[in-house]
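Here the chain labels run A, B, C and D in written order, and each chain numbers its own residues starting at 1.
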Amino acid sequence: MSDVSEELRLRCARVKLVVTDVDGVLTDDGMYYAESGEEIKRFNTRDGMGVARLREGGIETAIVTQETTEIVRRRAEKLGIAHLFQGERDKRARIEALAAELGLDLRDVAYIGDDVNDLEAIGVCGVSATVADGMPAVRAAVDYVCELPGGAGAFREFAELLLGARSMRQR
Amino acid sequence: MSDVSEELRLRCARVKLVVTDVDGVLTDDGMYYAESGEEIKRFNTRDGMGVARLREGGIETAIVTQETTEIVRRRAEKLGIAHLFQGERDKRARIEALAAELGLDLRDVAYIGDDVNDLEAIGVCGVSATVADGMPAVRAAVDYVCELPGGAGAFREFAELLLGARSMRQR
Amino acid sequence: MSDVSEELRLRCARVKLVVTDVDGVLTDDGMYYAESGEEIKRFNTRDGMGVARLREGGIETAIVTQETTEIVRRRAEKLGIAHLFQGERDKRARIEALAAELGLDLRDVAYIGDDVNDLEAIGVCGVSATVADGMPAVRAAVDYVCELPGGAGAFREFAELLLGARSMRQR
Amino acid sequence: MSDVSEELRLRCARVKLVVTDVDGVLTDDGMYYAESGEEIKRFNTRDGMGVARLREGGIETAIVTQETTEIVRRRAEKLGIAHLFQGERDKRARIEALAAELGLDLRDVAYIGDDVNDLEAIGVCGVSATVADGMPAVRAAVDYVCELPGGAGAFREFAELLLGARSMRQR
């Protein structure tokens, strides 16, 4: 946490919901296609632990993605993520609706995404992050650029940042 | 765009069609074989966004590859790429025919490939590129060597280069 | 072995059992999900050779993991690992029970893991290691941080360290 | 070729057969296991082109591996490799028998492998190589260590080295 400003740390400490994109964030940027029509995505075991640790720390996780696959439904189920929104073309509107439903201020919401279709969501959330290999326009727009690339633990890195800020506040 | 010459930028700005190889460009250089006979290829989600952004910017994408798989047919379909040519041993002839059919000068066509069987196509197109891990003979022949390797967003990088050049021209 | 202290080398030389985590150690940190419900893990051929070489050197290998999959059962079978414990939430208790059953002192047991749920096991074993991309809290707690990441030969690297220490002792 | 000694270049120029290991050389070091029992290996498209280019240059390719899978049989078939030997525990004996059968001196045979079970074969062949991520004992034993790791084009790199040496001789 040494390289995060005190101002950002304070914003991180109030986060109660983390919203994440899927492809390129929870997965590496790969889309695996098999000859039979099967699709495969590669998630990360350490990110999975991050979702569990956020929950223990009182922070919920939501998934908002433009794609719609059974793969993501199962991964969300495995990780116990109830807030799953697939096929979303307007991520910002979805996040605003979810925050309202949960009685959260948008300043209580953190967002992590990797591409230009995440820029609007990044603009409205209290804290924003991207993966080390995020698109240049996204890296330029967020509060925090992870040291790790998508699918290699970037979500976990962001989760630990939020948890660390919260535990500092509680001391 | 800072490290691209003004001359190359002008050539990029007139591109109306991008022709791409598949294996090693749209995919990492992997050929995944399963015991059952299944084959798998790994594409890139950010490259997919690149095809969409090119289209919005008025630039079409075509695929010309020596292999023939159902995998590539489905990926092209997903990305809305109508110009799909598989099993092509003479890529240059195919590109010349396609340009003629679309009423394009070859100077309106950009090409990205990674191996020695791409050299002839590279030689005739207006702008040429390869991936960071392209074969040495190809890296030596092209106008632009991407910073990213095949399957890791190199196609997207090239797409943004073309779109950036076009938007500069329009100002 | 040049960068390992004499004290650690002596501890390595008495090891008779290596206990390893699976996800993120024997595999890269990927969890591959297919649309059909299929799951895939990526092991490492050189790690497999490491298990064989440990056995020839008189050191047994055990797997202790929180997950439960048929994948790991088959990999263990392929490598001839008889001590396989899946679905373990208390890894430390399992290792203590196994050591007792085999008549081993915990100082005869080495452990390699990558995440915070491995910290208790790391605390009780005679020698501990993690992968190059292990979580920071784990890297700070172990005796040895491998140069190689999980799934890329880190287990083999640790195995060779143990075998090297043993062979030095025997001279 | 600049960093290869004249003596090694002369040895490379007489090679008529390249023998290659599979796991960790033609593939990355991954062994992909699926929950259903399916196994997957990741080959490299540029290595495939290497086999074709060797053939055009008058150099045959043989595969000698300890494992036995349908995956490797199909990959060999795809690449037109007739000399396929799976389940080989004594690689050196197999190579000696193959050379005799083809009427070749062992100095006409090149070998590329990555692990300690390749050391005997490395010891008898005219030219030997390993991948960038080969085991230390193998890197220490071979004539040439590729800049590229297994499954990322190392075989192709070795093939181009042999072809380059041959074309120099023919001038």
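The criterion applied here is as follows: a contact is a pair of C-beta atoms (placed from the backbone, for glycine too) under 8 Å apart; a residue touches a chain by one contact, two chains touch by 3 or more.
Quick caveat: nothing in here was measured; it's all calculated off a predicted structure.
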Label of the chain whose CA centroid is most distant from the centroid of chain D: A
Copy pair chain A, chain B: interface residue numbering same or different (half cut): different
Whole-Å gap separating chain A and chain B, where each centre is the average of the chain's CA atoms: 31
Between chain D and chain A, distance of the C-alpha-averaged centres to the nearest whole Å: 44
Residue numbers of chain C (touch at least two other chains): 32, 34, 38, 40
Chain pairs that touch, as defined at the top of this document: A-B, A-C, B-D, C-D
Contact set on chain A toward chain C in their complex: 28, 32, 34, 38-46, 48-49, 53, 69-71, 74-75, 151-153, 156
Chain A-touching residues of chain C, taken from the complex the two chains share: 23-24, 27, 29-38, 40, 114-117, 133, 135
